[in-house]
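The structure's right below; bear with me while I get my questions together.
Labels for the chains are A, B, C, D and E, by order of writing; each one numbers its residues from 1.
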């Protein structure tokens, strides 16, 4: 029992040590932005470029502009390993330092943290992942998931397929396969897929990939070969993606009929299959490449000065730029918050308001040095925390992603009712879910 | 050294058979309990309580559960994660089906569901032993996890396929859901863990504990004592699963707040098994020590490194933590293959004969 | 306790039992480690047990004045037997349990015991083996039935059966307070107990002590050290020895404190630790053994631990006694002592079972000053006393705060002491014995008509402290042929203070010079041998080892040096010595049952060796007969080497006054 | 140790008999048509060379092996085969040639385990461990302490038996068997690997158990001195067959026994 | 010959000097044990269970670690070399092999295969091994008869022979034999001891045996050590030990009136006087 005593002692000692650095970080002349990231664990291949892009952009703002509105950003990464327990631990360890936003970067962690956001008054950005229903601002005032939901993504993919097939009516009798990560993330599109399938008369084939089996999909692809679907749609992440691409190439599935969601479009997802992956399609909502002035600023201020972990040749890759997009949203929300409140050192509550009035017009994109990097963000407001913005389709040419379509708008009218219903369902199941009390800044 | 046992004598078997026959140990445990119940919640940060102490306690309980099966009864199981999951899902279903009943009732009741499931999967243990049994429990793990993912009824048809924890109170204080303060949750967890540890210690010290150990050590002789092997093994499965089930329910209701099936994956089984092994087979104290080393250290180490002001990237810290924890586990297992509990036992023995060497 | 001291009507031990059962009926009277725990009897329970036993004995024919022999190690039922016997007017005669059958036969016949209450099969066998010499014994009662089931039970009875007989009698013949009335008939002037002293010469003598003398002696002793009913003592010394009778029986009945009987003689150290005695009594040998064990074990400890131990021991030697004596001590020394208490002294006391000790006594023999100071420096209030069976123990004792390693203290309460011209110590007190049983001649020799008892010891009062110092047995003090004073025990004690030397026998009276025969201490020398790579297979081999001889000759030389500095003793330096090939043993008659050397007997038994010491031989062959407990004999033979020593020139005594 | 004898069988009557028992493993005959009986209260020795089927015989008696032929009658109940649980509840206890103790448990717990059948309090009382469960535990602890005292193993009460030397393990195993308060005690080479002193102790225990508690004892032993001094009757097996049965003196003089086993007349 | 005398004798194949063994860091098992085994001798270690006989053998063959024991003091010299830090198989190669108590044969191998495993450390070719096999069969004709039987199905005596035979296959100079008579019928015990004697006479193999069966041990050994509580309390040549009163009383079971009956054992023991 005494050992336990020692242990408790050690624990006490460490708690005693903690406030020291906590108070350090919480100094009022900076804005604390924790970035949950995962550079370790099974999803590290996707996690590393995103983490790099996220922190490089914010650090670039510090270097180039001296932060936002003259206030330095205190950027701190917290390693989650894509593990829920560690994510919760990260949330707890950062919470006390007055973060202005939570950036969980994992649907699993997001789900755990959604109920806490309103209690702890920290807005949470789950950019195009997490709980789709959280787009309903009335029910989830603290959660933001722009620029689009998975349902939006699915609708865009169906739209693209219909376009290729020659119209929605041509979908009738077709078979569309859906290979997905067998968890909350991959399962979310299922109801909409069901609706579409009924509406347009195509048959769906489901190929779930259990989390433990991400790197062993031969069974699923054997079935794909047997079923011979006309199209394959993929909702994959991490190691699941390159495996699926390789497997698809192995069974000689036509790669230009294989479409992934935006989380299946990393450079490292397609590259291992090399030329065999040529033609593989994914959705994307951020630009690829280093041609953007802002990206050049990152290279100048961060990459070339060595203030980063990023390898220079990885800058501009899809997921790296995805990370930049994510940080850009955070930065814009903070900037908005400063504008709305007139304060410099803004709080979580302020930033929530900043998110609710998030607008990035074509012009603003240009101001940011990111012209054409993303579709204009125009629809985020108190009621809609997502906006259902457009994305485009990109294709792997064996070396790089190539943008092959213009912005494709989602079928918002199909998606929105589903969202409303899901949000309602969530609220009824979670008895005692708080009613929205937060005021709305932009009545428009 | 501080063990001064002169003058501590027993005049009855009752006194001789208490958990802590040595006064210094009794004082020690009281001090630890005081610290645990009062000092820690009053002085620790929310992070400490929520991210360290609560899961540490919950995993300790799960480790006790597995220890009952593996350490005391000698039955190797790789299904701990799934049995925890059964507890979690059972608790979720029960608490949403009967919202009127107090949540803590369901936390405990979910243990019984888990126990029932444990008994079913324990049936093969009469015929198979060792690694073969481990494989059978592995099947349980996969089957149950499959159930968690495939049976939407278990999650009340949530699209996210996750359990979401309802808000519940105890004496008007939130203990589950986001409004529950870490302190409140910590107290609830601590109380349950302390009570269940006490019950487990009663059990393993009595007839049933001896039956388990007898089956573990020499089943032929046990049979000759009139111990029915199947009943004894199934009882071990039931009790073990009960503990794991309660731990699983607490994990979701008092720690995560919501959970997906992945929380109860094979990794969780291995984690708990390594806690048992590192802590020491057949030791309740070891269960706590194992949980502390395997679970708490990886969380505290990066914090400590950051606290020391080492300019380390979070991922690097993570890697270093991995290495340190791995090295520590190997170190402890080399120094003492019977786990931390045995290490402590030896240390205690040395303290008792202090300053003599033997 | 105060109430007992005042109440003069309570003058026998059975009466004290009744008082205790009344006043502190629920307090523990006696415990025994048995079946894994300390089985406890309260005073009230003891009263019931004793009553049943007493009436059982009565039924078996014990009448007023009859003797009951009690043979065995310290067991509750044997202690109860004493009180039971006393309660019906009988006289208990405890006998040394390790006595061989012949010795036992003498005592039992001499005392004319009617019943023998014995511990177990071993004692039963012994008594039965001499039963043809013991016509007076009508019954043998045993405590532990193991192995005795198939014995002829015509004269044999289990003690529980005797109690059953007693309980039956209680229901019929002796209903009501018949037994209490029997107790009331007892008087203070009745003989309470007959204790046979083995004596270093001759046949044992039966010392008769009256209730009055034992009670007074006990009351005074309790008052002297403020003993209360809360004391815990452990009874492990032979019941036939006056020390145990007083400490574990008489003082306990008078003060009402608890006596604890160990599980077996092998577990005493363990049992003492469990109980944590508050009041302890032991001959120097016990303290020596404990210290030797400590030193041997610490030799095996790691370097750091050993260094720590030595460091704090040194500090304790410097300050420990001062702190114990409540003298002013600098705060730094106190702090360091406190740290030492935490790290060393406390744990050591714990190991010894002395954590709760209030008073500890050593007596019977001189204790090495180093050993004495060691215990005191740890904070154990170890004191010396001087006592005799004829005085119901207490003659002198050291009061708290007046502790000197080389004195035996001041006269105990109510004791008068005078020193005869020849140096012999005489004492007079209410505690003195009534006489030797069936031996008025010896009684008259020892006890004068006006109550003074000749102790047989030579001693003097230290003018500085006013404490008594004992030199030697008066009649042992002799002269060398050149007329030099020769006090053998004085020399032997100096030798025995070395942990390597277990026993020493000094010869020299009416000889040309002093020689000694030594016994090595196997634990201590054995451990030394291990550390120094000295290989040995047996005691005999180790004892004959040249390096052991060399080591001991250094010790002898140091003793010679210290003798040379002590004026009159300077002439009595040791000129030759040898190491005996076997350990001296009471079974062979070489030691008394209280472990004192019987010098004359040894000189005779080892005649060839004694001769060799004086005829210049370098080696002597000897064959010695051994006696086993069961009376069988064996032989052991050896060639013993004799070592010559040089004497130191006498130093001027005034230089060494300190 | 034993409660007052509740058996229906009186001293001198047949307690157990095996009739025509044959046992084989995969065609290899271990025991062939062996019959003998054990009388209530006697010490019955089974001797024979290594591999003669002595241990197999004990395994048949307490139900580990099921004979292909023959019958076992125990306390008047005739059956084709015994089951371990029936043997235990019926009052048969045994020790093993190679010591089958619960190695990770202390001496005390091992012997306590011997009392499992006599402990009744259910798991809920066990969980709480006060009231009835504790009283039961204390009551049995007392019995166990008597056994510990009887076998003089107080000093190893708290030592895990795996750490004990072989001789003491044998003693603990005897203690565990005694804790069952058996009517029939089967001892498989209780004195193997012991020196004289330890054998003497063990003999004392065996005699005491037999004498004081009236326990019937069947014992396999190689030390002829022990067998001759202790046994009332001796059955001799060789290659699975009974070659002699009688008093020690008769067996000792039997030529077949001398040839097969003793070598020279002892 | 006393131990001291024997130590100076350079003909000792094994010399143990003052070793101490501690188990589990805190339990002292052997204390200051010294013993010598002369070349081509048979030396017996006698003593009760737990006296430290097996521990002594294991200390020599370096098998203590498996049981959490260690030699904390002293030295062990085999053939003039310190062997404290040599692995058991290195020792076998040098000619010191232990036959463990309880005859650990590989139950699922045949007798012949078991014997072959004993030649595992040898590098001198198949023919030599074949010759040795023949030699073993000559000493143990019973093994030849059963050479194709699985060791697990042979009798205790045959297993013991197999274990000794297997040890012989490594061509040892010294065999440490732990309890060769345990659990064996008297006839077999004699057979095995006869073979030991034979091997000693004809092959010059040295034996150090730990044995409970004092009668047998002192009949075949030339020298004996008696261990009690981890110390040597008595040693001497076999004849003198047989004459020692205490050995008679406690180990041989003879007293003045001849052999004692096991029926008459007392509940108390005569005090040992080893050291007197």
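Observations, loosely collected:
The rule is short, and it goes like this: a residue touches a chain if its C-beta (ideal position, glycine included) is under 8 Å from a C-beta of that chain, and two chains touch if they have at least 3 such contacts.
Just so it is clear, the structure is predicted and the values come from calculations on it, not from any experiment.
Hopping across touching chains, the smallest step count from chain C to chain D is 1.
Taking the mean of each chain's C-alpha atoms, the chain whose centre lies closest to the overall C-alpha mean is B.
Summarising the inter-chain layout, the chain whose CA centre lies farthest from the centre of chain C is A. Distance from the centre of chain E peaks at A, each centre being the average of the chain's Cα atoms. Across B-E and B-D, the chain pair carrying more C-beta contacts is B-D. A separation of 89 Å divides the Cα centre of chain A from that of chain C. Once the centre of each chain is set as its mean CA position, chain B and chain C turn out to be 57 Å apart. Separating the centre of chain A from that of chain D, both taken as means of CA atoms, is a distance of 73 Å. Chain D and chain E have CA centres that are 30 Å apart. In chain D, 141-142, 145, 204 are the positions where the chain touches two or more neighbouring chains simultaneously.
Residue positions of chain A with contacts to 2 or more other chains are absent.
Residue positions of chain C with contacts to 2 or more other chains are 36-37, 146-147, 300. According to the touch criterion at the top of this document, the contacting chain pairs are A-B, B-C, B-D, B-E, C-D, C-E, D-E.
Partner chain C is touched in their complex by these residues of chain D: 141-142, 145-146, 148-150, 154-155, 157, 204, 208, 211-212. Interface of chain E with chain C (complex): residues 2-4, 7, 17-18, 20, 28, 31-32, 34, 73, 225, 231-236, 245, 255-256, 266-268, 270-271, 273-276. Only residues 20, 25, 28-29, 31-32, 35-36, 39-40, 43-48, 50-53, 55, 96, 99, 149, 156, 158-162, 164-167, 177-179, 182, 255-263, 265-266, 285, 288-289, 292, 296, 299-300, 302-304, 306-309, 313-315, 317-319, 322, 340, 343-344, 347-348 of chain B touch chain A when the two sit together in their complex. Residues of chain D that touch chain E in their complex: 28, 48-51, 97-98, 163-168, 189, 192-201, 203-204, 207, 222-226, 229-230, 261-263, 266.
On chain B, the positions that touch chain D within their shared complex are 12-14, 16-17, 199, 202-203, 205-208, 210-211, 213-214, 216-218, 220-228, 235, 239, 282.
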